[in-house]
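Each structure below is given as C-alpha cells.
Same chain, two partners: subunit A is paired with subunit B first, then with subunit C.
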Partner chain A sequence: MNNESRTRLIKKGAIWGFILFELVFFSVAGSYLSLSESAFMDLDNMLLLLKQSAPIGIIALGMTIIMINGNIDLSVGATYALAAIVMLDSMTWPVFAGFGDWVIPVSWILALMTGVALGAVNGLIVWKTGVDAFIVTLGAMLGYRGLVFMYNGEEPTSHLNWTLVDFAEAQFLGLHTATWFLLAVVGGLWFLMNRTVHGRNAYAIGDNREAAVNAGIRVGPHMMINFMLIGFLAALSAVVFYSESGSVNPNDGELFELWAITAVVLGGTKLTGGAGSIVSTLGGVIAIQLLRKGLGYIGAGTETVNLVIGLILIAVLFLDRQLNIKAKGELKV
Partner chain B sequence: MSEQVSASVPALRLEAIVKTFPGVRALDGVSFDVMPGEVHALMGENGAGKSTLMKVLGGIHQPDSGRIIVSETPVKMSSPLEAKHKGIVFIHQELSLAKELTVAENIYLGELPRKRFGLVDWQALFDKTNTILQRLKVGFDARTRVGDLSIANQQMVEIARALTHEAKAVIFDEPTASLTDAEKTVLFEVIDDLKSHGVGIIYISHRMEEIFKITDRISVLRDGQYRGTLETAETTEEDITQLMIGRKLDLTRHASDHELGEVALEVKGLSCGSLYKDISFKVRAGEVVGFYGLVGAGRTEIAETLFGLRTPTGGCIVLEGQEVEISSPVDAINLGISLVPENRKEQGLVLGMNCRDNMTLPQVSDLTAGPFVSDGAEIAIFDHYYDKLEIKTPSWKQQAGNLSGGNQQKIVIGKWLSMHPKVLIVDEPTRGIDVGSKSEIHKLIRDLASQGYAVVVISSEMPEVLQVSDRIVAMYSGRIMREFTSEEVTEDSLIQAISGLGDNSGQAA
Partner chain C sequence: MAGGFSRSNIGGLLAKQGILIAFVIFMIGFTIANERFLAPENVMGVVRSSAILGVMALGVTFVVISGNLDLSVGSMMSFSTIVVLDLHDKIGPALAIPAMFAMTLCLGAFIGFLVGYLKLNSLIVTLGMLSAIHGLTLTYSGGKNMDIADKDGTWFAVFGQSSALGIPVPILIFGLLAAVLGMVLAKTPFGRKVYAVGGNGVAATFSGIRRARVVFTCYLLSAFCVATAGLIQASRSLGSQNTVGQGLELEVLAAVILGGASLLGGSGTIFKTIVGVLILGFIQNGLLLVGLQFYAQYVVTWVIIILAVWLDIAAKRGRLLSPIA
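Our next item is the complex of A and B:
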C-alpha cells in the first residue's frame, strides 16, 4: 500500500475512530464524574442522540453535496425557519379547513416546496451571475431571515396537530421518526453522489471545474440542482423537527449553517470541493452530538462544549494538513 | 571588453548542478558562469531544463548536487527571499505584483522602511523608490497603483525591485513576451544600464533577433544537459539551432502511408481580438497538421476557439463542408471536435477521480441503467482504451493524480477517442512527459491519423512537430507566417518563420 492510499484510509476511518474514542472516554469519565444513574452508553440515550442529531444532520448532509460541488450555502438556517413557519401556519389556513388530517401532507409539501424555491433562487443567482456562492448565500441568509420576521414579527408561530405529534414521536423498530428521516437522507444522497451521473459530475466540478467544462459538463445546472436539494433538505429538517415541537420562533435555525459546516468538515469533506463523503458527514454529525451530550453528562456547561468543539475543529484541520504534507509533499506555503 | 570581463570574478557560477524528479533527470550536470557586466543568454527548447534551472537559482528547488557560487561565495538558498538576499534577482515572465498596492510598496514588499512602533516610514519609502525610478527613467512615480500601469511598466516595477538590493545577477525570463517594440527599446536600455553597473545578466529568450542584439555569450541546454557556450559575436543562428536540437534530428518523419480523405475542418479568416488575426487553414481526414510557434503566438487560443471556449470576432469554421457555430465545449463535442488541452492537470483531468471516471467524464450521462451510472458500460470503455493505448496503471481504480505524465495524457486522449470525434486537437501532447512515453504518444498520434481522424497538433518542440506532422503551420504573434509541407520544411526556415524573421511582413525588420 502506498503512502497516499494509507493516508486516505486513515482519513476515512478517522471520524469513526474519534466517535469510538468519545464513547469510551465519556463512559469512563462518566463513571467518576456523572451525577446521573444511568450509563452513558445506555441504549435509550443513544437512540435519543440519533434523534437529536437529525435536524442539523439532514442539513449537514445537504451541505456535503454543496461543498463537494465547490460551493457553500449559508442560508440554510433561515430557509429552515421559513419552511417551519410555512408548515405550521398553513395548517391553520381557512382554505384547508375541510381537509381534516389531510392538511398534514399538504402543509409538508408546501414547506418542502418553499425550501426548494429558496434553494432555486440561490442556485439561479450563483449560476447566472457567477457571483461566489459564499456571497450570494450570505445575502440570502439575511434576506430569508428578513422574510421570517416579516411573516409574524417577533411573535412565535405555533400550531399543534396531535396526529402529527404522534407521528413525529413514534418509534419504529426502536428508532424515532426523525432518525428514520436522517437515515433515509443518508441512503438517498449516498446513491445520488456515488451512483448517478449528477453525483459523478458534481465531484468532477468541485475537483476541477475547468476540466469539467472541457469535458462538456454544464456546470450551472448541476449547481442549481444541488442548491435546490439543500433547500429541500433544510425544509425537510424543519418539517421533521417542528412536527413535534409545534412552535417556531423567528430566530430558530440561527447558526445552523455553521454547525452544519462544522460537521461536514469534521467528516473530512474539503472546503475547496471535489472530495468528501456522505457517510463521513453522518459521522461528523454524530461526533458533535456525542460531544455535546457527553460533556453535559460529565457536568460541563454549554459554553465549555462550544469551546471544545471549536478547538477540535481546528485540531482536525491541522492534522489533515499535516497528513497531506506528509503524503503528497504538498508545498508548505 | 571581453578581456576586462575575463579578468574579473564571475558574478554567478554554476558547477555541475543536478536535479532529478521522479522519473526525470531534469538537470544533469549544468555548469556555466556569468561575468559581471555580461548579458548571458540561456537557450534551449521547451523542456530542456531552463525553467528547472531557474527554480534552482531562485531557491524554489534545491539541487541534488552541484554548487551555486555568487562572487566567489558558494550559496545555498531555500527560498526566493534568500536568493534575493544572496544577490540573485528574477524578472519573471509572469509578473508577481500586488496590483492594489502602490509601486513603492511593491518594490519594498516585505522590507518596508519603518519608524518607531513599527509604523511604515512612508516618506523614506517614497523617496527611496523615486530615486530608483529616476534611474530607470520611467514615467510614473512611487505612489502610482500598480494595477493602473501597463504590462511594460509593471515589468519596470519588477526591475526596480531588483535594484533595491545589491544584485549580483539578474535573470530575465522571456521579458519581451508581452512588450511592444518601443517598450522593448526601453527595456534594453535598462539592461545596458545594469550592465554598466557590473551586474551579471542571464537572459532567457527564444527570439533570435533579441539574442543577437543584446547578449554577449550564449549557453545552451538540451535534455537537462549543458551543451556549450558560444560567443554571440562569432556565432550564427544555425550554430545555436544545431546545439539546441543536437543530434542531426531523427527526422524519420512518419510520412503518410495512407490516402488522405476529405477536408474535415476548414477555418477561414478566423480572428479573435488581439490574440490572433486572419487565420485560415484546412485539415483533411487522416492528416496531422502541426502548429508551431513560440509561447504566446496564439496557437492555444485558436484551439480554444475551435472548442467553444472563446468567441471569435471574425471569420468562420467549416466542418465537413458545413459552416458551424461553436459557442461552448458542449457544442464542440456534439459536432465531433475534441481538445486535449495544454495543461493536463489543470484543464484535462480531475486528479482526485479514478482513471475510469476520468475517461468516461464527457459521456457518463449516456452510460446509465435507469437512474444510475452503469459500472459495466464504463469499465468496458476503460478496458478498450486501456488495451488500445497501452495505459499502464494497476487498475481503473487508481486516482488519475497518481499516474505518470504519459499515462495521464493517454487517459485524456482515450477520453476523447471514446467520443469518436472527427477532429482531434492536441495541445502540447508531450509537455512534461519523459522521453520514452513521448515517442509512444507520437506514434499514437500517427496511428490515429491513419485511422482517419483529422488531427491538429500544437507544439513548441520542433522535433515533435517535425516528426508527427504532414503539414506544419508556423505562427508568430497571432498570425500564420508560413505553411510547410513535411517535404519542404527545414529547421532553419521553421525557426525563422516563428521568430518573425525571414518574412517580409515587416514585423521584425
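Our next item is the complex of A and C:
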C-alpha cells in the first residue's frame, strides 16, 4: 500500500474513528461521573439519536452533493421553514376540506414542490447569471426567510393531524420513521453519486469546471438539478420533522445551513469541490449528534456544544490540511 | 459579442455605477410616495439605526478586500456586548470598556492567526468561530440576559443614547471610524498591501508583502470594529440577550457586497461599503413608510444583492448571461 492510498484511507476512516472515540469517551466519562442511571450506549438512546439526526442529516446529505459540485447553499434553513409552513397550512385549506386523510400526501407533495421550486430559482440564477453560489444563496437566505415571515407574520403556523403524528412516531423494525427517511436518502444519493452519469459529472465539474466544459459536460443543467435536489431534501427534512411536531415558528431552521456545512466538512468533503462522500457525511451528522447528546450526558450543559463543535471544525480543517501537505510532499520525493 | 456593455457607453456607466443609480431612483421613488422620507429627522433616524451594522461593515470590508470572509462578526458582537455589560457592574465602565476591547481583539487575533499564518480556509474557520464564540458567550453569561443594575446613574449610556452638536453619538463614532479607516485603506502602504494580497496573493508574496501579517491585521481591525459596535449596542440598550448579534454577519456581508466589493478579494472601498449600508437602511425604512410589511425588505434586499452582483459581473465579461452551457 503506498502512502497516498494510506492517507486516503486514514481520511475516510477518520470520522468513524472519531464516532467510536466519542462513544467510548462518553460511556467511560459518564459512568465515572455516575451522573445518570442509564448507560450512554443504551439501544433506545442510540435509536433516538438516529431519529434526531434526521432533520439536519437529510439537509447535510444534499449539501454534500452541492459542495462536491463546487457550490454552496446557505438558503436551506429558510427553504426548510417555508416548506414546513406550506405543509402545515395547506392541510387547513378549504379546497382540500373533503379529502379526509388524503390531504396528507397532497400537502406533502405541495411542500416538496415548494422546496424544488426554491432550489430551481437558486440554480437558475447561478447558471444563467454566473454569480457565485455563495452570494446567490446568501441573498436567497434573506429573501426566502422574508417570504416565511410574510406568510404568517411572527405567529407560529400550527396544525396537528393525528394520523400523521402516529405515522411519524411509528417504529418499523425498531427504527423510527424519520430514521428510515434518513437511510433512504443516504441510499438514494449514494446510488446517484456513484452509479449514475449525473453523479460522475457532478464530481468532474467540482474538480475542474473548465475541463468539464471542454469535455462537453453541460455544467449549468447539472448544477441546477443539484440545487433542485437540495431544495427537495430541505423540504423533505421539514416534512419529516413537522409531521410529528405540527407547529412551525418563522425562525425555525435558522443556522441549519451552518450545522449542515459543519457535518459535511467533518465528513471530509472538500470545500473546493470534486471530492466527498455521502456515507462520510452521514458519519459527520452522527458525530455531531453524539457530541450534543454526550455533552449533555456528562452534564456539560448545552452551551458548551457550540464551543466544542466550532473548535472541532477548525481542528478538522487543520488536520486535513496537514494530511494533504504530507501526501503531496511525499509524492514529490 | 461585446455589444451592450463597454466603458464608453451608457450601458457601461449603468453597470459601473448601477448601485448608486438604483439607490437614487429608490430615494426619489420613496420621496414621491411619502414626503416624510427625506425629512431630516427620518434621515437621521435611518443613519443612526444603521450605525451598528455600518461600524461592523467597515472592518469586514478590509477582510473581504484581502480575499477572505468573516462570518463570526455577529456572534463576536454578542460576546462584546455581553462582556462589557457584565464587567460594567463588576469593575466599572472605565475599566470594562478596555477589558472588553482586549478580549474581543484576542478573538480577532486567534482568527487572524488561523487564516493568516496557518492559511486555513476563512469560510470554515469563521463558521467554526461563529459557533465557538456563541458557545463562549453562553458559557460566560450562563445563558442569562445581562443587565446593568443602575441604568439611570451611569455615564456608560453616552455612546449609544446621547447627542453631540445635534448629531447622535453612534453616527459620530461611525463617521469618525469610517474616515480613519477610509484613509488607512486608500492612502497608506498597509491599505495598498490589503488590495495586493486580495487581488493576487502569489504576486503579492513575490513582491515581498508578508501576506500572513496583512491578513492577521485585517482580522484585528475587524475585531476592533466589532468591539466598537458591541459598545454602541450595549450602551444603547443597557441590557442584552446572548443572541443580540445573531444573523448580523450575513447582513454585514450583504452590505459590503452591495457596495460592490468582490468576494474574490482585491476590490471594494470604504465609501462603497457605506453606500451599501445606507442602501440597506433606507430601503428598510422606505418600505415601512410606504406601508409594506417589515419583512418585505428581506425579499427586496435579496433581489437587489443579486442584481447588483450580476450587473457588476456582466459589465466585466461584456455580456449579460453567463457563457456556461
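Keep in mind that, in the parts below, the second predicted complex is superposed on the first by the 328 of 333 C-alpha atoms of A that agree within 3 Å, B and C clash if a C-alpha of one lies under 4 Å from a C-alpha of the other, contacts with A are read in each partner's own complex, and residues count from 1 in each chain.
Assume a contact is a pair of C-beta atoms (placed from the backbone, for glycine too) under 8 Å apart; a residue touches a chain by one contact, two chains touch by 3 or more.
Only a predicted model underlies this, so the values are computations on that prediction, with no experimental measurement involved.
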Contacts of A:Met46 with subunit B and subunit C, given as first, second, both or neither: neither
Which partner, subunit B or subunit C, touches more subunit A residues: C
First, second, both or neither for A:Leu271, with subunit B first and subunit C second: second
Subunit B versus subunit C as contact partner of A:Gly143, first or second or both or neither: second
Partner chain in contact with A:Leu175 - subunit B first, subunit C second, else both or neither: neither
Which superposed partner A:Gly310 touches (first subunit B, second subunit C, both, neither): second
Which superposed partner A:Met113 touches (first subunit B, second subunit C, both, neither): neither
Partner chain(s) touched by A:Val213 [first = subunit B, second = subunit C, both, neither]: both
Partner chain in contact with A:Asn201 - subunit B first, subunit C second, else both or neither: first
Those residues of subunit A which subunit B touches in one complex and subunit C touches in the other: 213, 218
Residues of subunit B that touch subunit A when the two form their complex: 307, 309, 329-330, 332-334, 339, 341, 346-353, 357, 361-362, 364-365, 368, 371-373, 399, 402, 415
Footprint of subunit C on subunit A - complex, ascending: 74, 125, 127-132, 134-136, 138-147, 149-150, 153, 213, 218-220, 254, 258, 261-262, 265, 271, 301-314, 317-318, 321
Sites on subunit C touched by subunit A in the complex: 114, 118-121, 123-125, 127-136, 138-139, 142-143, 246-247, 250-251, 253-254, 257, 263, 293-299, 301-303, 305-306, 309-310, 313-314, 317, 321-325
Subunit B partner contacts - residues on subunit A that touch it in the complex: 2, 4, 191, 195-197, 200-201, 203-204, 207-208, 210-218, 274-275
